[in-house]
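This report concerns only the one structure given below.
Going in written order, the chains are labelled A, B, C and D, and every chain counts its residues from 1.
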Amino acid sequence: MPEKLTPGVWGVVATPFLGSALEVDEPSLVRLAEHYERIGTTGLTVLGVFGEAARLSVEERRTVLEAVVDAVGLPLVVGVTGLATAPVLDEARLVHEVVGDRLAGLMVQVNSPDPQVVAAHLNAVHDATGAGIVVQDYPDTSRVVIRTADLVRAVRAVPSAVAVKAEAPPTPAAIARLTAELDVPVFGGLGGLGLLDELAAGAAGAMTGFSRPEGLIACVQAWRSGGHDAARDAYLPYLPLANFEAQAGIGLALRKEAIRRRGLIMESGVRPPAARLPEALVPQLARHLAALPGEVR
Amino acid sequence: MPEKLTPGVWGVVATPFLGSALEVDEPSLVRLAEHYERIGTTGLTVLGVFGEAARLSVEERRTVLEAVVDAVGLPLVVGVTGLATAPVLDEARLVHEVVGDRLAGLMVQVNSPDPQVVAAHLNAVHDATGAGIVVQDYPDTSRVVIRTADLVRAVRAVPSAVAVKAEAPPTPAAIARLTAELDVPVFGGLGGLGLLDELAAGAAGAMTGFSRPEGLIACVQAWRSGGHDAARDAYLPYLPLANFEAQAGIGLALRKEAIRRRGLIMESGVRPPAARLPEALVPQLARHLAALPGEVR
Amino acid sequence: MPEKLTPGVWGVVATPFLGSALEVDEPSLVRLAEHYERIGTTGLTVLGVFGEAARLSVEERRTVLEAVVDAVGLPLVVGVTGLATAPVLDEARLVHEVVGDRLAGLMVQVNSPDPQVVAAHLNAVHDATGAGIVVQDYPDTSRVVIRTADLVRAVRAVPSAVAVKAEAPPTPAAIARLTAELDVPVFGGLGGLGLLDELAAGAAGAMTGFSRPEGLIACVQAWRSGGHDAARDAYLPYLPLANFEAQAGIGLALRKEAIRRRGLIMESGVRPPAARLPEALVPQLARHLAALPGEVR
Amino acid sequence: MPEKLTPGVWGVVATPFLGSALEVDEPSLVRLAEHYERIGTTGLTVLGVFGEAARLSVEERRTVLEAVVDAVGLPLVVGVTGLATAPVLDEARLVHEVVGDRLAGLMVQVNSPDPQVVAAHLNAVHDATGAGIVVQDYPDTSRVVIRTADLVRAVRAVPSAVAVKAEAPPTPAAIARLTAELDVPVFGGLGGLGLLDELAAGAAGAMTGFSRPEGLIACVQAWRSGGHDAARDAYLPYLPLANFEAQAGIGLALRKEAIRRRGLIMESGVRPPAARLPEALVPQLARHLAALPGEVR
């Protein structure tokens, strides 16, 4: 069976675009991935929701995967966007072809409230690909609402599960139950908004697209060495920005602009129909960034 | 500019599956398409929501398209499932390759409440493919809610629009406005549930997956020759079944079973995570079918 | 324990309003209630969602109850709008005061997905009032989604339950299970849209606000005497209107106008924020009414 | 015309309950209200969503209002729960009777996406009561989604509007527009989650039920004296708790327990069907409270 994911911070990589045609900007993507490696991220998650995977062509997905595989030596989780087995296998084949044994896990969404349906789907994906499965419970994207008890049932029936990504708010109580009843690591997401509470509930770390992953890393490291209060102190300077970036609908645009402003990507455009950056919020984004610890502004 | 869709009944073709692996059943698909042609359907819509397009692999989509193209000489509308331009263009390329000039329209979903975003998307799809665009407003699938006035604005800005498929209930008032303010034909869908009221509101016909398309055809033909009362009389025997099949969530399974029972397809399985046929409803389905006019049981 | 509701058709009474102030129109209300009695309705449901109870003052609710109690001798179900025990008891006290032993049941909404919470609530209402409880599962209004198995659990724990009103679509499968596992009568609602299928699933009848309750009565009577096919034949002439009136959001306005046009109420206004009658649909409403059997136009 | 609300922090008062019957606990309520006055709250908001108004009887609402009126000299905003004019007037009459000229504003929910419907409703409430209107845009409770431009239109047509409470996330961009286009103060709510960003967008302050209103006050005061950075520093120690308390569904239970733990109320029970305190989160709540500045633990 595939190895469980290493606890820590997995960065969900944005896909930078260039120009009015919003073409994939490989150099920016490489720079971004390298930055994640440099700061000590545990691994990278590519083609997630924050990576706008559902707005890329197949060739662009390949381009993104190749660029990240070449740029860094980190273990990779790769997301798939479909909810049914056949199209997910299409996506998985591409991932296997490009990422090979660099793949730490294929991130597949919970696709039904019925744990048997979920388990059959995830097992079919593993059987066809050999990949470890990161089980993503993200109703905001999937529109699937599963009860925590049923998610436990589903994951128990998937021996190849290497992690759960718990993104059905409120997450802390769910994570407390998932970590108590499962022997796979559970990661929080949602931009790091609830990271402290998720760690307290037993989370193995965060897997999310916060523009300042240094904050997530500082928080998780402080948690390990000093417990809750240390983690709180470490995360506090980042929390206002995490809140700001977590705004419904516009979060992606805000995060890309926040990444751009630190020089990692050239432009902050998002592909439609994602909401564009609200101009009225740019000054406040600038204030948030100016207030961050020096090295991560 | 592409020609507008011909008014009438466009059948949305189910994708039949076989066995526990639920593999695409081409002979059944061919038989189904031929049946549609035989009964006088205006055209066929392939790879729609009812065709479970979002649960097919790319190769299976190709198989479905090829089978239908070969089986019948009808004009074809082909659906795409993505909401963003790049993946829609992937889908559109396959359609173009297989369907060629048999394509009467590419059915693309409204992807934003903002008419400018919608129009830019649809125009980009046309520009890249030359295809006429069937604008599908189906919030139950797309999760996008657009106001009717904004849908009018969007469609007016898309010279290549060849039809609107109006599936945001309540549809009759929307269709009344769309037909008054647009010069493209507007079709109802939603299983034919509101066909009479949609015709009265100015609809050009129906484009939907009702298991007895003969009923839709009889209704539309009667409408043309005899007006409302004739259409009502013609449709009445079918309405209880249309209502039954329109049940949320389980409608697809009910329709496929209803099609199977007339011998057009071998099996009625649906791909997960779609809900399976509720056994408790099978006797009532049988009653509905037994009550239909003789030739369409 | 209170007696179970008598199977049959319970009419949900509209509250007619007069003038630009939309004041309660008692004479129309009396005429409407008398009509229901005259045509052989099993009982009346007052202050339901269709009665716009949530848009009436306490005094107006009293007025409505008094008028109906005085006008007819039918058994009455009275709806309450709150989801918590204390305000429901306020409403129940008024009902008890005005309706007394004419009360066949107090219709209380399912207020939680948790069957224990639901049962505690319903039992508290019964304990304080002695009333039989009609358990209404109507997520469109309550925003509460309960699984059918949990609804069974809840109702089993409420000895005073006299009926279930099943209005969580798709209703037929739910009603099949509820009637198999409970010994209380289960009624369909939702404007009679699914009446045939609900009867086939074991429903005891309909409790709804269809503008032509004669159709519901004809259907249920035919079901009893002649089974499914007779019921189908009896209901068929009414089904296009039932569908038309069931349109989301505008159904209330359509139904009141349909009632007005048969002379039972003076005006068809609905209280804001309910949607007003869409003018574009009035001609089609007229067509539907003209096509009805003579005596109920 | 009524005076606009004073900028600052308006505390939304919880309704404390006692025992298994969850009866209103007046002494705790008085203690809570006095605490708000002592710490320098600008005013109090009573019978809001956080006050569980929709789960109180009419007599209990009266009790709550009387207790607060007697306990403190602060100006009061009082919430109403209905969405239609007649029941809102019932509620408003009680408020007028008990609160009299202590009433700074009646908080009424946006009840329609149509600005004309909203304005007619709010004007009718003012005309009947003379009360200034606090316009609450809170779709999570009302289920009404209004576009910001239409909210502006509505408020402009209500001369008696004394404030807007903006609780439709993402709030900062909406507040920026509302404050730019309206001359009434706009308050944030939602537990203070976005207070910093709302102040930056022009908000006049906060009106919410955060368990440590001292944090809201410190933030607003710092904003006035020192601008964004001072407000950020002042609010930072409270932000982890604000996030924790803002969890969907369980926030009310968490807040009441957090208030109980500082000795202001006796018990932290919430009335069903509100979700109870998840035991698994109590240790983390304790950690959050232990980390607060000394005087507000």
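Keep this in mind: contacts are C-beta pairs under 8 Å (C-beta built on N, C-alpha and C of every residue); 3 or more make two chains touch, one makes a residue touch a chain.
Because the structure is predicted, anything quoted here is derived from the model rather than measured.
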Reaching subunit C from subunit A through chains that touch each other, fewest steps: 2
Angle of the C-alpha superposing rotation, subunit C to subunit D, to the nearest 5 degrees: 180
Distance from subunit B to subunit A - Cα centre to Cα centre, in angstrom: 36
Centroid distance [mean C-alpha coordinates] between subunit D and subunit B, Å: 48
For subunit D, residues that touch 2 or more chains besides their own: none
Topology of the chain contact graph, where touching chains are joined (line, ring, star, complete, other): ring
Full enumeration of touching chain pairs: A-B, A-D, B-C, C-D
Subunit A residues within the subunit D interface of the complex: 169-170, 172-173, 176-177, 193-194, 196-197, 200-201, 228-229, 232, 235-237, 239-240, 243-244, 247-250, 278, 280-281, 283-284, 287, 291
Of all residues in subunit A, those that touch subunit B in their complex: 54-58, 60, 82-87, 89-90, 111-112, 114, 117, 120-121, 143-144, 271-273
